[in-house]
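Before any comments, here is the structure.
Order of writing sets the labels: A, B, C, D, E, F, G and H. Residues in every chain begin at 1.
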Amino acid sequence: ARTGTSEIIYGAGKTKEQIAGIVTSMLEACQRRVLVTRLDGEKAAGVSELLAAGGIAMEYDPVARLGMVGDAKEPDGLGTVLVVCAGTSDLPVAEEAARTLEYLGNRVDRAYDVGVAGIHRLLACERRIRDARVIVAVAGMEGALASVVAGLASCPVIAVPTSVGYGASLGGVAALLAMLNSCANGVSVVNIDNGFGAAYQASLINHMK
Amino acid sequence: ARTGTSEIIYGAGKTKEQIAGIVTSMLEACQRRVLVTRLDGEKAAGVSELLAAGGIAMEYDPVARLGMVGDAKEPDGLGTVLVVCAGTSDLPVAEEAARTLEYLGNRVDRAYDVGVAGIHRLLACERRIRDARVIVAVAGMEGALASVVAGLASCPVIAVPTSVGYGASLGGVAALLAMLNSCANGVSVVNIDNGFGAAYQASLINHMK
Amino acid sequence: ARTGTSEIIYGAGKTKEQIAGIVTSMLEACQRRVLVTRLDGEKAAGVSELLAAGGIAMEYDPVARLGMVGDAKEPDGLGTVLVVCAGTSDLPVAEEAARTLEYLGNRVDRAYDVGVAGIHRLLACERRIRDARVIVAVAGMEGALASVVAGLASCPVIAVPTSVGYGASLGGVAALLAMLNSCANGVSVVNIDNGFGAAYQASLINHMK
Amino acid sequence: ARTGTSEIIYGAGKTKEQIAGIVTSMLEACQRRVLVTRLDGEKAAGVSELLAAGGIAMEYDPVARLGMVGDAKEPDGLGTVLVVCAGTSDLPVAEEAARTLEYLGNRVDRAYDVGVAGIHRLLACERRIRDARVIVAVAGMEGALASVVAGLASCPVIAVPTSVGYGASLGGVAALLAMLNSCANGVSVVNIDNGFGAAYQASLINHMK
Amino acid sequence: ARTGTSEIIYGAGKTKEQIAGIVTSMLEACQRRVLVTRLDGEKAAGVSELLAAGGIAMEYDPVARLGMVGDAKEPDGLGTVLVVCAGTSDLPVAEEAARTLEYLGNRVDRAYDVGVAGIHRLLACERRIRDARVIVAVAGMEGALASVVAGLASCPVIAVPTSVGYGASLGGVAALLAMLNSCANGVSVVNIDNGFGAAYQASLINHMK
Amino acid sequence: ARTGTSEIIYGAGKTKEQIAGIVTSMLEACQRRVLVTRLDGEKAAGVSELLAAGGIAMEYDPVARLGMVGDAKEPDGLGTVLVVCAGTSDLPVAEEAARTLEYLGNRVDRAYDVGVAGIHRLLACERRIRDARVIVAVAGMEGALASVVAGLASCPVIAVPTSVGYGASLGGVAALLAMLNSCANGVSVVNIDNGFGAAYQASLINHMK
Amino acid sequence: ARTGTSEIIYGAGKTKEQIAGIVTSMLEACQRRVLVTRLDGEKAAGVSELLAAGGIAMEYDPVARLGMVGDAKEPDGLGTVLVVCAGTSDLPVAEEAARTLEYLGNRVDRAYDVGVAGIHRLLACERRIRDARVIVAVAGMEGALASVVAGLASCPVIAVPTSVGYGASLGGVAALLAMLNSCANGVSVVNIDNGFGAAYQASLINHMK
Amino acid sequence: ARTGTSEIIYGAGKTKEQIAGIVTSMLEACQRRVLVTRLDGEKAAGVSELLAAGGIAMEYDPVARLGMVGDAKEPDGLGTVLVVCAGTSDLPVAEEAARTLEYLGNRVDRAYDVGVAGIHRLLACERRIRDARVIVAVAGMEGALASVVAGLASCPVIAVPTSVGYGASLGGVAALLAMLNSCANGVSVVNIDNGFGAAYQASLINHMK
């Protein structure tokens, strides 16, 4: 999407050739940096190879499944964006959010593995929750983290349900429904596993003059 | 169901004549007390009238929608059962559980309106949570209360999703799915709004020699 | 919820006595104004009567189904919040959002009945869309308005699906799913018909120093 | 299906032997051309090999996953059928529709990658939308394209939801529900990913004397 | 919707005052006729009264729940539109389609109560099926009528699932899913009970020069 | 299940060792024949090998995915069981039913590829439909075959939905819902793809003295 | 439906005038008896009044919600049909089945309130289960009765899920799914609450020469 | 989770390196034993190898997919926990429960393959059902076992639905819904296939002083 100096390509459903082609044309159109989301390891290797042939280097983060071309943007967000996630299995989505936030020029604070089953680990982050300008809350299974965090926070919370779980988690629909029904004010939700979309929304909020 | 001295009748789907008839025959069969669940005000008045004609008195709790005949059972449970609920709208289900627990001979502790959006009110009950022998956790909307409470408790938690909520709460299915996917150990779940069923299970646990 | 000077009570599932009681105690605890959401006409009349007995006046908006006690807050939001809605049937939810925004001290711009089937009426609002600091997009049926508006806007869009529609709209689930799957960046979603929740989130964003 | 001079075989769920056999018998029964849908690369190679042994040549389109035997039909449709699609990931379904339309003797206009998030790219096609006799609108994710296009068009729109998307797109059910609930008149919908079915319906409309 | 000389108002979700107001302004803007859909008896009486005060007469069809103002349009469609329906319970939706088709200037042929359980009654209409230019097929329960009719017809079939049925009909979702999965070519589907939408699409097809 | 002389083993979810072991013990317990359902090619080869080592021969039908040990039962059913199916893709389920019926001692008539889109091919079987004692109707996609056949038949119809289809067929749920909502009398339904279960029920009916 | 001497009218969705009219014409066409299903008390009174004016008497069963005109058919079924149901709340559906079976000329045995939670009451009916020619098993809540009965029986079981239950019973969908997944052989299922349809199928089976 | 002397790691969604690392650190923190759940054969081999390098031995149960490090806990539960399951396909979940119970220090009684279709095999276990202190009931397909067992038992039953089944079993959702709607008292339910969670709850109950 044409979003100013930072360009974003949705990598899923595109071949390595299509992706490398779009990156190259964007750079030719004086884009300073390009982010490619949802790149599995195999496709990332293919894209890197094609780009290297054109003298273009791509950094690849296997956890966040993100490809990054060009220099990182100097942080120019007004405050800090806090990314919290419930369990270690939620890391891929949390890191997609965190790395995208950094790519879009935000200072990021990470508080991982603070699921509500261990409430005291979450309460230890209360000051960081109060200092954040925006919070991205990532959780699978029952998706309760968003409500507890929004109850503690006075800033907006962007909630990301993940497909972590099995059986009645219904591929993340259980966490999605929980977050949509949050009893706490100040919560709005994005699609299951959409760390990128939550980061984009949080970054818009963190750059409002 | 033939469960010893305390008899229980599921009032929904039965006419006031059927209910009054079953109560009378149970008392004649030397039942000392009978509990009738899911009695709306109108039907309760009808049943009371029919029973009064036969010299039988019924106490009616309009919040818990319970009809109670005969004397309350002396508390003979081993410990205290704590009933927690998220918001005031969950009261009818929480009181169905609490009054049924008392009817079945349990000491009951009530901690109401402690939804996770106000985590500090819940944390104020930490000692009561640790002292409970069994906990019944009642919540609608996103159903997060069960996970937070189970994280704090070392005793079994019986979780009751309620149909409190609108839109994506899907009549309580959202809270049900959340509780089934709890990231905390020691949680098992009953049907939506089934305060009675949770009380019955908790009472069995609280009477194990 | 305890959120500073403006107090909010969720009116559904509470009796007129409970509501009047909470309002009175809040005013006694020096709250300057109280908002009561989801008040149907009948219950609003009952609450007004009880409050009047205590010398308290409540303004009632039958379209937004909101009860308002105390003086409106001087607009102190940083910019203007634009509320757009697709059709006249979406008005109750759009006005719940708009009046709540005004109650929370925001300048509100309203662009109603601009459903995507008449794209030129929406395009006529392009300047107002670009000038808004935050946008609340309200739509039932297929819920497409959020994507088109977010495509035009460079500010965050809070999307509210409504239960307006019949058959396959599944009580607003169709619009909810569409908004969650928006192909445009900068969209996050609240529960079906939750004009209040969207207004609260938009107001937080519009008051960030 | 027996539909006059152009024969169509649903390739999914049939072995390469069954397909090659049916094609051969159709040609023997003086069919001038045969279309085979839903052929993945591997099966297409197998069918081609078997047919070549019988002196029959098959053209294979890997994007549309279509096998075509015999000469293309001279365009005898009354007007032009416009195929629009939202994003590059929708191409396989859009090309299944476009190539099937050409096979059935229609002049086809293609306007791809005009998703509603970039409304101005769609508005640039307004004249082509007004000139079309029938429009096939292909979109995954939130499926909004059909409503916006039908709002601009005065001809019938056949909407095809695609399974492009993840999480809450529910394999295309979100786009399907959105298109069924379109607020614009003149829209009717076919099954998820059914480019062929939409092309067939559009071709019937474009050949009505 | 602004669709030339015939104006259509969606009556559900609008008050009788709003509807009467819109009708009056349309007539003042030289609309020759106005159609109001989804008018229950009570609201229709209210609208008629308000319009009569302004010297405007409205005809009301209680089965089709349609209000019609102004003279009927001379039939100028190219052929005949056949409306078939499965059972007498489907009549309200079939008549909404048939009367809307007549209002939009189409000659309409009606073949009612020809459900597939009595296949010979349907086969008796085979000639009328072949002569139709477009067919609207209306069925609830298992929604099989659309496939059988499309198998017999060589013209487009617009299928309308109805909410007639109980239990596993899921309010018409069963019939909707069946019609979307039709094994016959030349079928496209509109929303549950949307006789109006099917009529509009069929009328567009029947007026293509 | 202990069902007299014919023993049946549900092959899915069991290892080739478990299956071979159960077959061997059944034969030792004087079972004259054993049927093993849901055997894919690979597992069937493994079971055959193990049984051959013990001098036991197993016949394997790759379409019906059935393993058969011992001699076929002489047909002792009272009449003929007709198995009809809609399309060639439904063959695996139709043949699971037909071969199981033969194994249980029934004369079987097969009328395949008679989907309702080609109603005349089905009507050509009218006499065979009237002569059948029981009918097993197998169909995926929209599942309409059961209603049309039951309308023509005066004997019981056991309907089997299959998972043949894509998108909105929801893995056979669409066909299942259609068959449960059949407008024809004399239809009862088994689980998706359960040719075995339908054959068992039909065989019980065809052996009633 | 035209099914020989006994005529059946589906009363839901038809006015009392339509029903009385159809009954009268059927009797004039020498039908000896007519059954009208799904008649609530109010509509039954209306139909009775209209028929009485034409000298026709209708018997009405308020539990089974059935209207019966003409003399009952002499039992000519080959054996006895056993109707079992789980709880007292399932009576309306069980009696719709039992009275319809009697109307269609079957000897009926009733074993009510034998839910699996009281297995010994069910085991007390083992001999009646073995003697039945066909069994209709009616159950709401978890729908387990059909599997236990089919395990005990050697005759076909027609299973009827009822909408008795609340919350996760999803209006009978839970019982429907359970019965479709029965681990016992010899079970086939009809729509939720369709006592009539089960009776019709059981009667066909009980009249097979 | 910090649960005293026995530590549990959820193995799904973690790499063999992460698991081996957590085990090692737990043992260093004087944990006497560690249980790792949901380990498939391949990953278990990898973990064993890494641990062996550090001189730590892990026992692996391929049916229960459990990794066990350290000595088994002496049984100190107050009574016996009975694990019942319906069919052989349910074994993996039943053994996850049984081995976890043993790991947590409970005496375990196993009654497998006692599905309700063979009620007499279940009745043969009646005394063991009455003697148990807690029962874990594991069943897929229609999930009826929990209700029948709870009807026979006077102790709490923890019900575990499994994903064993096909078609309308919906991956275990059918069994889950059945168990939530159990007509018997004393049943509470855990997530689909969650043998571990049921064992944890049953062990809590079996260790209550």
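Please note the rule applied: a contact is a pair of C-beta atoms (placed from the backbone, for glycine too) under 8 Å apart; a residue touches a chain by one contact, two chains touch by 3 or more.
These numbers were taken from a predicted model, which means no experiment stands behind them.
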item	value
Topological distance between subunit B and subunit G, in contact steps	1
Pair from D-E, A-H or G-H with over half of its contact pairs in common with B-G	A-H
D-F compared against D-E, more contacting pairs	D-E
Chain centre separation (subunit D, subunit H; CA means) in Å	50
Euclidean distance of C-alpha centroids - subunit E vs subunit G, Å	35
Separation of mean Cα positions, subunit F and subunit C [Å, integer]	57
Two or more partner chains touched - positions in subunit B	1, 117-118, 167-169, 173, 176, 180-181, 184-185, 191
Subunit E to subunit F touching residues, read off their complex	86-87, 115-119, 123, 141-144, 147-148, 150-152, 165, 167-170, 173-175, 177-185
Subunit F partner contacts - residues on subunit D that touch it in the complex	1-2, 10, 12-14, 18, 161, 163, 171-173, 176, 191-194
Subunit G residues touching subunit B - in the complex, by the definition given at the top	87-89, 117-118, 164, 166-169
Contacting residues of subunit F [partner subunit G, same complex]	1, 3, 8, 78, 133, 154-156, 158, 176, 180-181, 184-191, 197-198, 200-201, 204-205, 208
